[in-house]
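Both complexes shown next keep subunit A, but they swap its partner, so subunit B is in the first and subunit C is in the second.
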Partner chain A sequence: MTSTVTAPAEAPPGAGGRERFFGLMQRHGATAVLVLLVAVGSVSFSSFPTGDNLGNIAITSSFLATVALGMTFVIITGGIDLSVGSVFALGGVLAAYGMRWGSFAALLLPLAVCGAFGLVQGLLIARVRLAPFIVTLAGLLGARGLLLSISNEGATTYLIPHGSLLARFGQGSVLGLGYPVYLTLALFAAGAVLLQRTRFGQCVYAIGGGEDAAQLMGVPVTRTKVLVYVMSGLLAGLAGALNAARLSSGVTILGTGMELDVIAAVVIGGTLLTGGAGSVSGTIAGVLLLGVIQNLINQIGDLSSSYQQVVSGGFLAVVVVVQTYLSRVQRLR
Partner chain B sequence: MTVPSRSGVRAAALVAVLTVAAAGCAKSENDKQAGAQDTQGQQQVVQTPSGNTPSCTISKFGATKFDLKSGTVGFSQSEKEANPFRIAETASIKSEAKKLGIGHLKATNGQSQFNKQISDVQQLIAQGAQALIIAPLNSDGWEPVLQQASAKHIPIITVDRQINATACKDYVTFIGSNFYEQGKRAADQMVKALGGKGKVAVLLGASGNNVTTDRTNGFKDELKQKAPGIQITFQQTADFTREKGQQVTEQLIQSNPDVNGLYAENDEMGLGAVTALKGAGKKAGEIKIVTVDGTRNAVSQIPSGWISAVVESNPRFGPLAFQTLSKFLNGEAIPDKVIITDREYDSSNAKQSVSSAF
Partner chain C sequence: MSDAAVPLSRFSRFDRGRVLAWLQDYGVYAAIALLIVINVAITPHFLTLENLRTQLVQVAPVVIVSLGMALVIGTEGVDLSVGSVMAVATALLPLYLGYGIVPAILVGLLGGALVGLVNGSLVAFVGVQPIVATLALFVGGRGLALVVAGGQLKDILNPSLLSLGSSSVVGVPVPVVIAIGLTVVVMAVVRRTTFGRRLVAIGGNRTASELSGLPVRRILLLVYMASGLLAAAAGILATARLQASDPSSLGLLMELSAITAVVVGGTPLTGGRIRVLGTVAGALLIQLVRATLIKHDLTDSLAQMVQAVIILAAVYAARGQAGR
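Here is the complex of A and B:
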């Protein structure tokens, strides 16, 4: 990414170089801001660029990132999935609930239920042609309700015992990074290949670019749309299960408002809410940007909680404004 | 080509200005609260006898001794300082740290997001906190924090809510109220207000923590014992917030019009209920309300009759938390729970005592 930042100094003053630079900034604006913030943070706070601290940011971000991966696909098709926060929490509670049948059941149960959740939402959206916003809003409430019914209105917290395979995976680390971080990276690599190099990925972009045109070109619109919601459900459930493994318990109060963080991360990463454009690498940058902003606010320390939200909101607004501005400049040329 | 870099600089400058401005505002606000705090002077008092004999020493726990005046202490608040309890709690910790000249107090706020609170505390550990004061949002799910803290021998004191773990092994001690007792006292007040007969609704607190569980169980057990004539006909969570309290009470009036008593597990929900009852055209005292916390807003509703009684839950944890911590660091034995005494407000003392409410 440093190459992007230094580009103006090296690139010839021709229009081509210019356009390329603006294009890069629009697509990778989040990465550029991330690099800048990390640099400023490292200079300003000695406790920021430590292995422990960066490892914490990585593990905390990994769960949000996994959910955001599914959301990226959904948003590129021009849809939205508001249910991910509740499904994330449901996945965690189901994992802890499923521990009574062993670690594999504890992983399969949330995947099955959350995948099915995504399937139903996908069918309602693609087949019955209901608005994604409404369907997944109902999903948000439904998944939370299911969670409450399993956990006794939230009063019972199921535990994932120490030493079980699932707990060891959630809590273990190698080279200062937790196992879930590596899994997230692998998922993103797979996601990038799926989106950029396969027919399915091309269909996702085509639907976001224009659903009717895609239909006319012979793109399997219904199937592709159902699949992206299934993916989103599966990934949210998986992230919830791994998070529960890390916490050793199916905490019932998780995930409220998480869908907004996820959508913010995806959009900051350069994916257009209108669909048709975006990348999974941008999403990673978006997620990390949220994590680093949060971390830096804590480094500053003496901010009252209300102003913390003002500052993080301000940060995000700046990123989005810069991005929009750059994309407009690019279009004018 | 200069455009993007200039806008980058502008963005950075804007961010810097925002940050500085926010920090400035935050500071002045805190100072004001700290000042108000000092004049009130209703500090927490430890109950005697307070549970088990003190047995947890620094050597038994395995922590490293350090000087509070030059050391770093981390404080993790669970919820935004948007309700009186959290405002008073954070202000008390901060002003006491200032008063004692604690080297560095690093404070974070979990904003009611449990994963954020976990990463907040992990960050405090990474930033070199030598002791932690935590107001936990949830009782379970502290595994990653407890592991990191124990690897670095960092003592943890939890305030107001408990962590489901072992005292003197995973954490040093818990400082807070006896919530079961608060529930029982609320039940006694309810029995008095209703004259031992009637139908009662309960607004439960947020789920997943010991406060809600204990305040509920204490209330139910005491009612069963003292007043079999009182029935609980409705209970639903209102998440400790005023909006939810109002919303749930509005539903309650529709579905259970015959209710004569309402027990709200904190003041905010109780005040929401008052708003709902006023909106429905009820008169003060028509439905007897008993709440827990002792905020000024709730206590000042007692003389007018909208609220019958308030059981206190004192949030001024600063002095006791740092006193316990410094005792622990000096090698003194600490009990596994430090339980504080809470007062009660009803029509007999509300007018005189409202000034000491928070």
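Here is the complex of A and C:
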């Protein structure tokens, strides 16, 4: 610490370049590692770079990515949403339950309920000013309870019949990629515009940077925070509904521990949990990175899937250590 | 700040802030008392020795994990890895039971302490936020446990380990005795030792603690190691009771139960205050709610929703006090 205090007086040559490099690493490190991993995987395994395999990674990642998009907004405001795993499962069960009234109802029901769920959480956090961690922890239990009560304590699994519009959307594909992948890409494009190019996005960053300061500058803090949690609920519910459509049923046991995978993906993508910094493109890189790691471990074959958790956990640890180091370097300049 | 509030509240008999503060401090005991009275009145066979023993044996591991969680939350941190630590401990046990029960238990505890060491190093020395640092081992720890165990469920046949889960000392089951013992130890550490005072000081204001010369990093490291050790102990006891080592399911969602117990017991998530007895009561309350609902054929889904409401109520009460 003491050695760095004297440094700023006369900036060493090349410090600007190094700083810019650190900044780039912070924002695009996940993308760089992703490219590297894909290259290594393509060289090492002939079955990795096939269209089928890559399409498979894309579709399995797309649901996690949709949930992670909402989580990115929440985390940039300095909050957290632990309920997404349960809401994801709830969305799936509601979609299958709603099939009795047709495909549109099956899509609208989860969106309405999960959006309302996010609204309640957002109001408790932004208006009653309870800690996000706790409110969404309660939400995790509450949504899972709701799901169980709909499905007769998990005993009934509602089905989405083949041939219905929803099932066809979930299972169909164009150019080797499933429809949900395109929807996810569209949502991310919309998310990127919303975050970078609109007033709302600037408010999200401002709140994460400093809530009191944002309030004093006239940012509608309460409304923005509520909206962010509504978005997270909506996206988690939508992802759950689409996943159910792909599986043709509302599986009740899905989504346990998913919230932590999602948070891991967002953090790997360079979004700081302290809020105020992060990007949608980083999140998509983070999600894909986790997906590629899992796929490569499957390629190795005789390794059990538990290695995937070990590698993901280790990778997450490396990322947060590097991130913390980078942000410290930037702060000390 | 609280001084300024006193003259105002003297005039209003029903002061909201004070009621909430009382609720945060004693609400959990009141709720337990209320539930016991209700149960005695409406639940058949509630006040039997057998039922009490079952409930207490079931809650013992949760209490032990929650004690460690209370210490961590007292420093304004959180430990999400406790469930994975239980899995690590249960995976290590059968591998070393061949050398006898004592080495096996020691290796299990060592595993927990090591996970705590990694968590603590990330938090104390690297400066990673506790929630992210322990998230890494939440993900990786269970995977590690599955790799160690070869992904299999193993039956435990060692009689001395099994007796740890099933035998009693003067009528009290051994897991309950251990939980009570550990509670007393943790309470003594928090209330009577310099370490305990420093720990609470760090939670209250880390920068001030650093400036006043407290060995903040060393204390944080020890706190996370203690949490790992306690979670491993809980994992070993649960293994003994279940008579099997199942790293894929043991301790799932334990982090949530433990955080709930701590928060319901009146320890604020913002650190600086630890209520050990409250934490134990929090764990008992959740167990009692579940047992009550299940006894009356009210379902698991309702139990989960009730638990959610209890958490929110507890935090609302805490907020009322913080806002005074």
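Throughout what follows, the second predicted complex is superposed on the first by the 294 of 333 C-alpha atoms of A that agree within 3 Å, B and C clash if a C-alpha of one lies under 4 Å from a C-alpha of the other, contacts with A are read in each partner's own complex, and residues count from 1 in each chain.
Here is the rule we go by: a contact is a pair of C-beta atoms (placed from the backbone, for glycine too) under 8 Å apart; a residue touches a chain by one contact, two chains touch by 3 or more.
What you see is a predicted model, and the numbers here were worked out from it, not measured in a lab.
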| item | value |
| --- | --- |
| Residues of subunit A touched, compared between subunit B and subunit C (which is higher) | B |
| First, second, both or neither for A:Y307, with subunit B first and subunit C second | both |
| Which superposed partner A:G139 touches (first subunit B, second subunit C, both, neither) | second |
| Partner chain in contact with A:T274 - subunit B first, subunit C second, else both or neither | second |
| Which superposed partner A:Q299 touches (first subunit B, second subunit C, both, neither) | first |
| Partner chain in contact with A:N243 - subunit B first, subunit C second, else both or neither | first |
| Contacts of A:T60 with subunit B and subunit C, given as first, second, both or neither | first |
| Touching partner for A:E153 - first (subunit B), second (subunit C), both, neither | both |
| Subunit B versus subunit C as contact partner of A:R129, first or second or both or neither | second |
| Subunit B and subunit C contact sites that coincide on subunit A, given as residue numbers | 153, 256, 304, 306-311, 314, 321, 325 |
| Residues of subunit A defined as touching subunit C within the complex | 80, 124, 128-131, 133-135, 137-142, 144-149, 153, 256, 260-261, 263-264, 267, 273-274, 304, 306-314, 316-317, 320-321, 324-325, 328 |
| Subunit A-touching residues of subunit C, taken from the complex the two chains share | 78, 80, 118, 122, 126-129, 131-133, 135-144, 146-147, 150-151, 252-253, 256, 259-260, 263, 269, 299-305, 307-309, 311-312, 315-316, 319 |
| Subunit A contact footprint on subunit B (complex, rising order) | 1-5, 7-8, 11-12, 14-15, 18-19, 22-23, 25-27, 29-30, 77, 80-82, 106-109, 111-116, 118-120, 122-128, 137-144, 147, 206-208, 212-213, 237 |
| Subunit A residues touching subunit B - in the complex, by the definition given at the top | 8, 11, 13, 18, 21-22, 25, 32-33, 36, 40, 47, 50, 52-53, 56-57, 60, 63, 151, 153-155, 157, 159, 167, 171, 243, 246-249, 251-254, 256-258, 294-295, 298-311, 314-315, 318-319, 321-322, 325-326, 329 |
